[in-house]
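Both of the next two complexes hold chain A, though its partner changes from chain B to chain C.
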Partner chain A sequence: MKVTFPHMGNAWIVIQALFETLNVDVAVPPPTSKGTLNLGTKLAPESSCLPLKINLGNYIEAAAKGADTIAITGGIGPCRFGYYGEVERQILRDAGYSYEVVILEPPDGSLWGLAKRIRYLAGRHNSWTKILKAMRFAYRKSVALDEVEDMIHAARPRLLEPLAAEKLYSKAKQHLIEASEDKGLEEAVFRVQQSIKEGQAAFRGEKPLRVGVVGEIYTILDPFSSLDVEQQLGNLGVEVNRSIYLSSWVGQHVFQGLAQGYRPLRDYPRLAKPYLPHFVGGHGQETVGAAVQFAREGADGIIQLLPLGCMPEIVASSVLPRIQADYRIPIMTLTVDEHSGRAGVQTRLEAFVDLLERRRNRTLTREDVLNVARE
Partner chain B sequence: MLLGNEYYLGVDVGSVSTNLVLLDYEEQVAEALYLRTMGRPMQTIKEGLKQLRAKFPQARIIGVGTTGSARQLAATLLGADVVKNEITAHAVAASRVHPGVQTILEIGGQDSKIICLRDGVVVDFAMNTVCAAGTGSFLDQQAGRLGIPIEQFGPLAIEAQHPVRIAGRCSVFAESDMIHKQQLGHSLEDILAGLCQAMVRNYLNNVGKNKDIRGPILFQGGVAANPGIRKAFEEELGQEIIIPKHFAVMGALGAAYLAQEKLARAQGERTASRFRGLQVVDTEFQASSFDCSGCANHCEVVEILQDQTILARWGDRCGKWSSGKGEQGSVSEVNVR
Partner chain C sequence: MKVGYPRAVHYYDYFPFWAGFFQGLDLELIASPLTNRKILEQGLKKASDETCLPIKLLAGHIQALSGMGVDALFLPRMVSVEEKTYLCPKLLGLPESVFAAVPEGMRILTLDFNVRLGKRRVIRTLEEFAEGLGKTRAEARQGFLLAQNWQERYESRRHEGRSFGESMGEFDPRLAGEAGRTIRFDNPDRDESAAVLTVALVGHPYLTQDNYANLNLVAKLGERAHVRFIEEMEPQGIEQGLQGLHKSVFWSHARKIMGAGAAYIGDEAVDGVIYLSCFGCGTDSMTQDMVARIARQQHKPYMVLTLDEHSGEAGLVTRLEAFLDMTERRVQRESNFSAHG
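Take a look at the complex of A and B:
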């Protein structure tokens, strides 16, 4: 058995660590590329959302590396991701790939069924204690990764050399990939912290603009899908703040809230309540709640990211204009799919950043002064 | 203070048109050119400069701004001082020619946008994303199909007595619906007016969705030449629509203003422009591309060459080529097309 799994940003580092600690043979798909997307687009229904297409491409490329088993999480609730595993199983079978697909979810609500599936992947040679230990270490690795990523978000606008942050980022990732103990994780985080501190000592500019990125989890975690929105914003001199990190999702869904991850998701539904009091599937409520949180924290702007046709996010995006009006904060929605062009995204980001800059630098007009006097 | 022969140049290279504007010392438009890009942006820019040079042989360009989808290319060829996206350029131009403007409707060849300003600052904007139904190319196409020159489209449309209702959600369906209305025997004028209304509805539902449209409203972009569309907007919004004098070249005008702002901001002593001079017209440029095989992304890197020297490269995700690293030497490592 050789296990593979779909890509989602840095998640592969965590999943690989999990399987390797358990001595399970694993084939990480090659990094997602245009070629991956082309492979997936051929097999997937045209109207399916972008992540499904990329997933399929990942599997096909992993098959070439000898993978024969797919591990994917499932979902309960009205988001199409819930049936991804099943749909992917059938599409791959029709296309002639003999993959075993293990969907990590409680079948018909049965936890025993979930346990059996985990046992199947982990094999007989691992005790439950060992499995839990491996899961905990993988979780800590994902927290460390998220910490690094957040530091890079803050460093991009502050490091003078344009590629410096990317270099630090890839070096730190390499350290985290290699780390097999907690000590290694801590060291990696510490090292990138130090380098950033040294690197930005020369920074004398104005405080960078802060933009909150909210939206559908796959698109915000996966730079290939979002056309590097976060990096592009960083290069435009913006500090990015993100609503959902991988470890938060893991904490919420795998550890059922016992662990909270790098950025806890638990406050979002409460913050979303005045605007969206119901669960609408996916992370719709989190998107709205996070937008409220960023607005309250004084972010300069908010960008919502979603794949074309994502229902929960469409619901959220119809609510966002009210937050925009209530908190007087510019919010822009970016929809991505396989037809999205970098140029279009770049134009919108540039225009958005210009808007925020001009808003910040604008001088008081007579009307403003009168408004202040009235208040 | 600018001298009589000193100008700022604004260049807007879009998918359909390439516009050039010369701004004189009184901040007036000395010249505005509207050329068809026809898929050859480099030649078109040079052609534009040639026309400028012929008309203003004494001109000294002291600042250059570029915008539009080929702004980077134009900036490389010309040596621009400012490279800005279309939204900002349009907003700057509009608020300079009409201070107090609160909404800009802009419809070009293949894209359309809406920009909301308050107190001269852009507070919201949107561009058409996945559909080009409400843009100039569509009107062009339909005019061609009806056998009328595009210039007559608007004047005929405002003659209409009873505009017909045409489904405007999608340009393909709009076309079949229009054919259907023709077969029913509606007059050409009524159909044209119906088409204008459909396009305006489509624009307001897609691009203008959720936007707070307040007057004064400026309507710019190539399609503003069409009085039928203007009338349809006025009916739909119940407000007067202002069409600025240089509606077709507002992007280029904005770029020129931005260049002026930037160079003026550098206080006192005027900073020298990076403009490469009007002799650019006689220079040969080549564009080529190759697939970088540095990683799995296989980015298609474009390079602009002048006499075998590389002026600029872009298209890479990692920045290794565009930031000037990986110079000539390593080109051999990649498969040059």
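Take a look at the complex of A and C:
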């Protein structure tokens, strides 16, 4: 058995750590590329959402590395993600890939059923104590990754050399990949902190604009799918804050909600209440709640990211205009799919950042603010 | 007090339930007019561009209530109608996501309908709702009984094979007069012998039964074929159709479409299957793909028609004719084959 799993930003680092600690043979799919997406798009239903297309591409590329088993999380919706596993199984079967798909979820709510599936992947040679220990370490690794990423968000607009932050980021990631105990994690985080402090000392510019990124989890966590929105914003001198971090996803999906993650999601539903008092699947309600939070914290603007056709986020985007009006904060919705191009995204981001700047300098009319969401 | 119910999305499945409930409260619940061009156009103006056609139509129907002299709009949040399933996320986002379409000053009545929380919670929700309208808890419970009764009656009429117009017409007087005529399937004067084919039209009832949205597809299809719908299939048939899945489908409507679609594909009395979908439907993107796979495996004539606000009648007719011709040839070939074999 050789296990693979779909990419989602840095998630692979955590999942690989988990399996490797347990001595499970894994094949990490090659980093997602345009080619990956093309492979997936050919097999996927045309109107399926972008993450499904990328997932399929990842599996095909992992098959070439000898993978024969897919581990994916599930859930009972109501958004499409909960049904990805089964649809992907059928698509791969008909395309001639003999993959076994193991959906890591409590089938019919049974935690015992989930335990059996984990046991199946982990094999006999691992005791439950060892499995739990590995899971906890993987979780801490995800928190460390989030800490680093958050610092990078702050560093991008403040480091003078444009690529300095990216270099720091990839070096830190490498350290975290290699870390096999807590000490390594702490050290990696500490080192980034130090380097940023030093690099920032020379920064004399005005306070960077702050933008909150909210929306669908995959596009938020996976820079390939969003065409590096966060990095692009950083390059435009913006400090990014975001609604969901990787460890929250790990806490939700791997720990069935028992761990909250670096950025807890639990306040979002309450904040969303006046605008959307019910969950709508995916992270639709979290998007609305996070938008309220960013607005209250005085962010300069908010960007909602979503794959074309994403059901929960379409609901969220229909209520965001009310938050925009109530808090007088510009909110832009950015939809991506397999046809999205970097240039197009860049143009929209530039226009948005320009608007935020003019707004800060008070050279803006009311129409400008209200129009951004609809552009 | 007269309350309006938009003739869109869950109207097509659950209106009898809500009509019964309001009847029990001694309030009048009336549906908006049949979909027409103006409703579609107004819907497009007030709904998000990216959303699906049915939600756009819903936005239009909400606006259409303003001319009807209703005192309020009723738009429940239908979360779940049976165990272990939900409705579509976009329906969970009602009514908030269509607030922009609500006419100025119109009161909105809503409640969360969620059977996953248990029957007692459902009844309590209905009681609270009734109290908000100055009715008693007893009246709410009365209404709930009537609601269940009407809904069951509607569903069993459909299982008997009665048309949508006839079955729904019992609870929605407007439909009895108007929509019945356009459905050829229940035209008693129709020459049965002319139709040699039986075609199943699978898809959301708000597409298959909204004759404006589907460009009168059912009537056109009815000229050459007996038309079967997913609502006609009994739960056991749907269950049967879902057998091959490794994980159960958790949206009730998609479950029905998937199960009935698969069952019709496996049914020898059905010559072909048409999946009627619409642009922007998230759940269809999954079920449509799975139904297509089953049709391919079983060599059943199968076609997908995707509606959107720009769909033209001409294109639809051409594709429909071609599909029916192909299916007819298949049926003839197979009957020749068995006659000689």
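Here is the rule we go by: the second predicted complex is superposed on the first by the 359 of 375 C-alpha atoms of A that agree within 3 Å, B and C clash if a C-alpha of one lies under 4 Å from a C-alpha of the other, contacts with A are read in each partner's own complex, and residues count from 1 in each chain.
FYI, a contact is a pair of C-beta atoms (placed from the backbone, for glycine too) under 8 Å apart; a residue touches a chain by one contact, two chains touch by 3 or more.
Only a predicted model underlies this, so the values are computations on that prediction, with no experimental measurement involved.
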Chain B versus chain C as contact partner of A:R358, first or second or both or neither: first
Touching partner for A:I72 - first (chain B), second (chain C), both, neither: neither
Partner chain(s) touched by A:I244 [first = chain B, second = chain C, both, neither]: neither
Contacts of A:L121 with chain B and chain C, given as first, second, both or neither: neither
Touching partner for A:T335 - first (chain B), second (chain C), both, neither: both
Chain B versus chain C as contact partner of A:L276, first or second or both or neither: second
Partner chain in contact with A:L308 - chain B first, chain C second, else both or neither: both
Which superposed partner A:P45 touches (first chain B, second chain C, both, neither): second
Chain B versus chain C as contact partner of A:G35, first or second or both or neither: first
Intersection of the chain A residues that touch chain B with those that touch chain C: 308, 321, 335
Residues of chain B that touch chain A when the two form their complex: 69, 84-88, 119-125, 127, 129-130, 210, 295-298, 317-320, 323, 325
Chain C residues within the chain A interface of the complex: 47-48, 50-51, 77, 79, 84, 86-90, 92-93, 96-100, 112, 245-247, 249-251, 279-286, 288-290, 293
Contact footprint of chain C on chain A as seen in their complex: 45-49, 74, 76-80, 82-83, 85-87, 89-91, 94, 101, 103, 107-108, 275-282, 284, 308-312, 314-319, 321-322, 335
Contacting residues of chain A [partner chain B, same complex]: 30-35, 162-163, 166, 228, 308, 321, 324, 330, 335, 339, 343-344, 346-348, 350-352, 354-355, 358-359, 362, 365, 367-368
